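In the two complexes that follow, chain A is the common piece, with chain B as its partner first and chain C second.
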Partner chain A sequence: MTKFFARNRTEPGRRRFARFAILLAAGLAVATATALAAGTQVYDSKTRKWVNYDRTKAYRHWKQHKQVPEAFRPQMVKFRTAEKPGTIIIDGNQHFLYLVQPGQKAIRYGIGVGREGFGWAGIVRIGRTAEWPTWTPPAEMVARDPNARKWAGGQPGGPDNPLGARALYLYEGDQDTIYRIHGTPEPWTIGLDVSSGCIRMNNDDIVDLHSRIEVGAKVIVLMQGAALYKGV
Partner chain B sequence: MTLPARQAGGGWARPGGWALVALALAALGACSTSGPTPDQMSRTTVETAPADLQLLCANEVAKTTGVESSKVLPVGSRKLDARNYHVDLNAGGKPTTCVVDADGKIVSVQAA
Partner chain C sequence: MTFAWPWLRGALAAAAVVVSHGYAGAADLVIAMPNWSSGQATANIIKVGLKKELGLDADVVEMGTLIAFTGLDSGQVDIHPEVWLPNLDNLVKRYVTDAGTVAISPTGVPAWQGICANRAAADEAGIRDISDLQDQKKTAALDTDGDGQGEMWIGASTWSSTTIERIRANSYGYAATLTLLEMPEDVGMAAVDAAEATARPVVFACYAPHAVFKLHDIARLSEPPYDPAKWKVVLPSEDAEWLSKSEASVGWDAAHYHVAYATSLREKHPDVVRFLERMDLKPEEAIDMSYALQVERQDPYKFAEQWVAKNEARVDGWAKP
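Right, the complex of A and B next:
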């Protein structure tokens, strides 16, 4: 009886504590998600204002200009590094891929990366490359994505193929990581977090990158808050 | 343009100093209206350290800890102030931190 009363007396307090704990956990989850979802902004030269860059705006920009915003177009930039020329460095948070050049410079390209929960980081290498590659969705993608199901046996290369014009296959040692740097039939997605973990580039850019790299090149993938690490 | 020397009390050295400051600010304002250069025309709400600075930290951590460079990876970063960035690294499984300035000079490296 004593126990019963004691429990009865503290129950509302426990409930209040449980509610507080749930709210706290929810608040922390939202805060963490907000911190990790680093929203992209691009500078609008006409209005001279920074504007949020999401999927809708990106598609509208592409329809209007037939190219991505200036920041995501290839350009030579200063890059202070001890990595040797030919090394690829991917900054997933800022949506840039750098190809290291001699003289502390790099060619910078715009990229699209994994959406929340699909980001990864690590140190890998180019295991092989392919032109107009066949796309075979991994089993887990076939299971979760009805659009991928019809291509379970492989989608032949071509302009509608999700891998686009070229694919650079990322290996950890001699093991295929299942991640690739590849082209895309959806060029407006450059600068966004959209993929299932692959790094996508415009077809012109991946063709250019493919022509400059060598199989075996080191690839460093930086991604703050990544769920998965490869090769380290 | 050189600003007049500041007095110990916080005021400008001569009465006309404010006019010079106003001119300087106007000049800066005129410069800023041209906007960022093409390589600076995107940004994220969570400001991470530039990739090259993160990797300079990784290189320094590999040197100071003796961990093979292929096992040192930056896993997070943030801007500390106008000049410095804090970088979190995984050095062969051990958490390590590094502070690097905007010129690429390593300020500090330490085990987390």
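Right, the complex of A and C next:
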């Protein structure tokens, strides 16, 4: 039985969208993220209350259970859609990624997203994939972050690499959008809004997703936080 | 996959092109097939029906609306299964009224468009009437980006209807309480799917017939009926001040779609004309067609064979002398 449901906390006044430049500058700063503004809540079926799910709670939960709350673990769910099996639908607001399956079902994974949503929405496709990918910090990050500077030429893939075990590169047509669905060395950040315009998943989950998708798969990123954008 | 219909897509429909030129075959008739699902199903239902009832072979050829009308005019195409009015009034004037080379069946299928809500929005958030969209206490439930203000998808940016939905939002006043989103239809519909999967409220611009009504439990918001005196639409192409100069604080006018055929058929095949003019498809049937082709991914021809078998008595009636 599902114990937790996730939702996004309404925070009046919180900035609605993130600009591309900010996202680019933030890049994949997983290790240095100051992710204090997590906007997620989870539903505790024992107390029947929505509780804030922030970085501290997320880390505590992870230390205690060695896994994320149930809502963010992979699970088969009912998902009625006209999209064909193999399509990925990303709901940043609720921190879910759906992989559409036959029979009006989907495999739902928990995801971590950018602190202010994605800043973009639309239809892209998986242009290519990589196992234990190299991470190259954006120039802006190299300029301001000494930790990133040493990897200016690229950090080799491995357990400490911010991209985690796999990366799915999102393309619009033949153009790399610079956004990726990738793993993470910080699995407790799943379900949170942390610093990045990318979509992060648990390493086990991204390995599982990677094994199920095909290059060319359609990816629909929903509109949350992207009111001013008309496509990627 | 696309749900878009030509009456919504205005400019796109005009730019449609022939996908295949394979209609110079030996068949008795050529049926134009549009790229949306109910049109594809209907084109094949006509093909199967004409073969069964009149023994005629027809080629179904995918092509855009403009090309189809050119073909109907020149005699290369005999039938078009869905011509949307009043959206294609300009083509109807040119080919039906002025040239007289194309005829429109008098029987039309009524269409509807407006604003829709899922059950969570209608029953839990209390959004049932267009005026509810001006109540920020209600629309806050539609917030998906954490700013306290709800969002609503109003269509693809390429659709002519999207401009009008923006005018309507401005005229009714909910442009101030909702963030209006323009996105391709697949994104808008996937947002409805995701909201339904987690029982969250969602409100969106919609039209019927459409597969979404069979896919999910969707309510249509009530609103004042269309009144031409309250419908003044100035398009961005006409005036930079289009939004402030427009006013549309009533529901959309009703639309219909009809079968069109080359008038040369009246002499060549009056039995075919009789068949086409008696076709009386219902909006619910068009929803079923869209669902079968788009969601269940049925082959249009196989779907048509089953449909004709299931509706045999009715199809027989269309052909009766």
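Assume the second predicted complex is superposed on the first by the 171 of 232 C-alpha atoms of A that agree within 3 Å, B and C clash if a C-alpha of one lies under 4 Å from a C-alpha of the other, contacts with A are read in each partner's own complex, and residues count from 1 in each chain.
By our rule, contacts are C-beta pairs under 8 Å (C-beta built on N, C-alpha and C of every residue); 3 or more make two chains touch, one makes a residue touch a chain.
A quick note: this is a predicted structure, and the numbers were derived from the prediction, not measured.
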{"item": "Chain B versus chain C as contact partner of A:Phe72, first or second or both or neither", "value": "first"}
{"item": "First (chain B), second (chain C), both or neither touched by A:Gly122", "value": "both"}
{"item": "Chain B versus chain C as contact partner of A:Lys84, first or second or both or neither", "value": "second"}
{"item": "First (chain B), second (chain C), both or neither touched by A:Val207", "value": "neither"}
{"item": "Shared chain A surface residues [contacts with chain B and with chain C]", "value": "39, 77-83, 89, 91, 93-94, 96, 98, 106, 108, 121-123, 220, 222, 224-226, 231"}
{"item": "Residues of chain B that touch chain A when the two form their complex", "value": "33, 35-36, 38-46, 48, 50-56, 59, 70-77, 90, 104"}
{"item": "Residue ranges of chain A in contact with chain C within the complex", "value": "5, 7-17, 39, 77-84, 89, 91, 93-94, 96, 98, 106, 108, 117, 121-123, 220-227, 230-231"}
{"item": "Chain A contact footprint on chain C (complex, rising order)", "value": "1, 3, 140, 143-149, 151, 153, 157, 179, 181-184, 186-187, 189-191, 193-194, 196-198, 200, 211-212, 215-216, 294-295, 297"}
{"item": "Residue ranges of chain A touching chain B (in the complex, touch as defined)", "value": "35-36, 38-43, 45, 48, 50, 53, 69-73, 75, 77-83, 89, 91, 93-96, 98, 106, 108, 121-123, 191, 220, 222, 224-226, 229, 231-232"}
